[in-house]
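Below are two complexes that have chain A in common, paired first with chain B and then with chain C.
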Partner chain A sequence: MIEIKNITMNFSDGQNRNQAPSLRSVSLTIPEGCIYGFLGSNGAGKSTLMRIMSGIYPATSGEIYIDGEPVFDNPRAKEKIFFVNDETTQFTNYTADELSMFYKGAYSGYSDEVFKKVMTALKLPTNKKLSTFSKGMKRQTIVALALAAQTKYLLFDEAFDGLDPAMRRMVKNIITDEIFDRGASLIVSSHNLTEISELCDHAMLIHEGDLVFSDELDNLRAGFTKLQLVIRDPELADDEVLKKKIQSLGLEALDITTLGSLRQIIVKAPEEEAVSKLKVLSTDLAEGVPLTLEEIFIYELEARGYGNADIIKENN
Partner chain B sequence: MLTKNCTKQFMLIAVLSGLSTLLKIFHFVSFGGFAQGAMSDFYFYGDILSVAAAISGVLLVAPAFKELYNRQFADVEFSLPMSASERFRAKLLVILKCHFIPFAVAQSVTVITGIIFLNSFQMKIIIFDVLCHLVYMAFTDAIALVCVSSCGNIVECIYTPIFLAAASSLIIPLSIFKFVVLISGRNANTMNMLNFPVGYPGAMMFIDSDGTEMTYAEFIVCSGTSVLVKNIIMLIADLAVCVGLVFLALRIYKKRNGLTVGKPFVSGKFYRIFISVVTVAVILEFFLNSLYIAVFVGLLLFLAISVSANRTKLTMKVLEKNMLGFCGCLLSVLVIGFVSYITCGFGYTSSPVNDVFDSDATGCQAELITSKYLYRIVQLPQKDKTQEGLSELPEYRFCTKEMIDQIFKEITSLDKRNSSSFSENLSNYFDLVRYENVYDEFFAIKAGTVYIMCSMEDDKRRVNYYDNYSVRNVSDEDIEKTVQRFLDLGYEVYKIDPTGKEDDYLMKEQRYMRPAREEEIIYENDEEEYYD
Partner chain C sequence: MITIDPSDKTPIFEQICKSVCRDIAVGALLEGDKLPSARELAKLLQLNPNTVAKAYGMLERDGIVYSVQGKGCFVAKHEGKATEKLTENFRAAVREALDAGASAEELIAIIREADRG
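Here is the complex of A and B:
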């Protein structure tokens, strides 16, 4: 289990004292044997959190424990973690075999067998420099190395970028097979919400350094409801007034859209609770629909003033 | 993977070391050592290549520690299940493998070939050279380790070791030479200061001091075993300092993490030490030659480093702060110089005669300069009697220790720095710093400056020079009085017009036939003998 306790990260040095922290008191627990998705806008702090979890950065305050041990400068805790960042340039001068040798020297549980098996499955040469590989092939090689390290926790920071859909699916299958066999955990960050939705059983959303939510994906989906209803009360014609009215009923409305007389409301509550509470507003209440992860992402960020959510919504 | 990062550098070191060894072997085989033709060009160039291979470590250490300046490598290496000490040890092994092994193999081959072709005396020189080159290598790598551990950008990782190694090698000999020797007016036996326990051996060779342009080989030949042992102890101390630097680098490295990658200078302390050492060394290099050049070059370098260190964050406030730093460096040199000036080199060179007098081998030449004339008192060593062309010299011109003591006493009495007021001393000191009273190395000295030169022949074949000169402004009247006292005591005094308008003449009735200028010829001959 990875316990992230009140992690705050401030990159400001002596000359930029007013710079906002990259992470603010983030607390999170990642259970064993799960696939955890890290969601967030650009620059939200996902990669920073992953680097702190890998012992690359020391946190400004707070602590991260891997199976009860602090991770920073602790080889025993790091032995359980393999971090793959979003770049491949650092590996281009080496062959896969050389990289395999390098990681074999670092990780006690490194398996040549797994490395060869995955490289064979992916049909990748092991004796050629990675500079001769395409971006996707490099990514696949790094995934093979990560799996061969046989660590308990795999951290992939946007690691599936550059893979075509077929290869993406294949790599994901290889990863899930490998980690389920070993009971390992995969922590993956991505902007591709469909991918996270398909792959992960847990997810968290981080925005401007603040943790917005973290939970099992099913609980998350169930925690948001989209309702369509006709409200005839002219006093509630204005969206802001309606929003306040909903709040007075003990619900948080993330978004209200008006389509003629029809109002679409996104509320942060399970369907049953949302329906029962909003019944007082209208008898013409359509059935509530749980949100997709993508919708949750968009509405949560919009509620925090990020991006032009209307354009995104229109596209969806 | 780590070794592969250093492949190109390894190849460079291997090629340089190999070429160096080949040239030296060719020299041993073809010339049979130093007996015929002394140092041939082959040995000399072999030596240069050896030093080049040693200092190529600057290029090797940075790629071995790529995670300290490259974000991608930082992600890979800092996330590995290794402690900072383990990572550091792994990298040290890479440096040993890529630098020490090819270097040591090349040096070993040189020694083995030397054993076959050279005699034991010549082998002493070779082994001493090898030890020096080893120190060159160790010091380069150790300084580079400290610098790379303290910097987070490739540019700083390359130039800081070069600057710091050069500056720290020069700062001790320069300080001794400028503060103790030159400022006190006693250029005494600087040759024993060729090796220092910090920095590259032979740094003194790069300092503009008279009579110190010696190679190690000559040094050993000329100075005997005891000096060799002394120098070897210094080199071993230097190696110990290198080990200390490696531990310091480890201490700094342990504090590094992914956060500091990309920052030119990670440690503020290191930045301040680095910029101060480099700036002070540059100021010292020109100190007492030209204050203006010292300020100009020092400031230029200081600003260049400041701009490089702050890059885009450079503001007027930062620049002003840096300017204050430069003023601090300059002021510290001037203040230490003044303290040294009034204490006559911190008391180190208060009585040079006892140190330099070597029974019958010591000669002395004193020069007293007024605004118009140069008075020269020359007493030659007893041994010079046997030299060609000097056999007809009158007996009374040969000096004894008592005579030299007397000359020193008279000359020293002109130097009133102990009895002068603070403001007088300060005024004299600034004249010295601005190089107004000593405007040439030897003879072109302005009014009132005193210059004494003792030549001493040691028990080998070398003639050493001991320059003892006052660096004070002395009035013409005082000079004339002293000259008169010398004449009264029976010394020969030559009166010379530096402009050449008047003939030089001996200020005594029995004027010696040979013009005073020929005294220089004696020394020139000695120089030739020395260089032979």
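Here is the complex of A and C:
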């Protein structure tokens, strides 16, 4: 597993005056055999954290352990990580075969077979310089190299977003095997909440350098319920009054919207609890629905005082 | 057929469990039949592998399937457990309807109608 302990990162702005830290005491644990989503708006700190995890530069303070080994300047730890950037400008003077040789020298578990298999499936020539490739082809080649390295931890810094559906499928299938066979973990940063929602089993949200939460996705989802009900009591017509009433029933109402005769209520509670407690308000109440990941993020951020967080605008 | 409806808001691992239970209840899967491995199912339905593993874990815990080391997951003796899981929601709905004042006859009529259609 990867243990991230109290990572703080300050990039000073050259005049020896520190601007706001890029990461503020971030701690989380990434288990083996999982697909972990890193979420947050641009500049939130996701890429910085990934680079520190890969040992590209050291944090200002805090520690990172990869299977118990500190990562910075430690080949034993770095052997276990492959970091895929979103940029495609590196190494364009080389052919895929030459890059393959380079990475083979860097990673003891490198597999020529996997590399050939993926490049063949993608119909990419391995003897042409990458400068002749389109951006998409370059991206695919780098992902092919990453898969061939067969490291225990694979970090995709928004590199997943740029892949076409066929390649996504291939990567997912290879990762599935890696998870079952070697307890490998894929860590993906993305803006695409729908995709993260389908792909990942864990996720974390970073906002302006702070970790907002990190949890198994199923746990996150189970903690919120959305219900629509008709409330006949005229005294509860006012949203604020209704909110207090809900509180008196032992629930926290995060949002109340009036839609015609219906009131849509979002509570921070599992469905069973929400339905049983709110039954007194309306006899029609049969079930609640889970929230989408996007909705959960909005409420979690608001709850922590980040209100009107603009991570959602990225998707629209 | 073990299927998932992505637009269904029920958690995926629950959908997998219900899908397997349904297959067993209707006799599509019989005692001793081998389930696809968690790995195969994850790839087939393009699902997160841990989600599938979780579903299989639940099925095993509830005694609906059992696993044999190195061989796979198999359907356990059908002692009504699969059906029980599927009718959980129905039981709750019946109780609720009766509490709300519906008569048993009304509910039985609904069942018959559904059975015809």
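Following the convention adopted for this analysis, the second predicted complex is superposed on the first by the 213 of 316 C-alpha atoms of A that agree within 3 Å, B and C clash if a C-alpha of one lies under 4 Å from a C-alpha of the other, contacts with A are read in each partner's own complex, and residues count from 1 in each chain.
Throughout what follows, a residue touches a chain if its C-beta (ideal position, glycine included) is under 8 Å from a C-beta of that chain, and two chains touch if they have at least 3 such contacts.
From a predicted model like this one, the values you see are computed outputs, not experimental measurements.
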Problem set entry | Partner, of chain C and chain B, that touches more residues belonging to chain A | B
For this session: Once the structures are superposed on A, label A:P290 by its partner contacts, choosing first (chain B), second (chain C), both or neither.
Result: second
For this session: Could you look at A:A274 and tell me whether it touches chain B, chain C, both or neither (first, second, both, neither)?
Result: neither
Exercise. Does chain B (first) or chain C (second) touch A:N85, or do both, or does neither?
Worked result: first
Exercise. Given the touch rule stated above, what does A:N93 touch, chain B (first), chain C (second), both, or neither?
Worked result: first
Problem set entry | Contacts of A:R76 with chain B and chain C, given as first, second, both or neither | first
For this session: Using the superposition on chain A described above, determine whether A:G33 touches chain B (first), chain C (second), both, or neither.
Result: second
For this session: Using the superposition on chain A described above, determine whether A:Y107 touches chain B (first), chain C (second), both, or neither.
Result: first
For this session: For A:I179, decide between first (touching chain B), second (touching chain C), both and neither.
Result: second
Exercise. Just chain B (first), just chain C (second), both, or neither: which does A:E198 touch?
Worked result: second
Problem set entry | chain C contact footprint on chain A (complex, rising order) | 33-35, 169, 172-173, 176-177, 179-180, 198-201, 218, 221-222, 283, 286, 289-290
Seminar exercise, completed: chain A partner, complex, touching residues on chain B are 1-2, 4-5, 70, 72-76, 78-84, 86, 257-259, 263, 313
Seminar exercise, completed: Residue set of chain A touching chain B in the complex reads 11, 13, 15, 51, 54-58, 72-73, 75-76, 78-79, 81-83, 85, 87, 89-90, 93-94, 98-99, 101-102, 106-108
Exercise. How about chain C: which of its residues touch chain A in the complex?
Worked result: 6, 9, 11, 13, 38-39, 42-43, 46-51, 54, 93, 96, 100
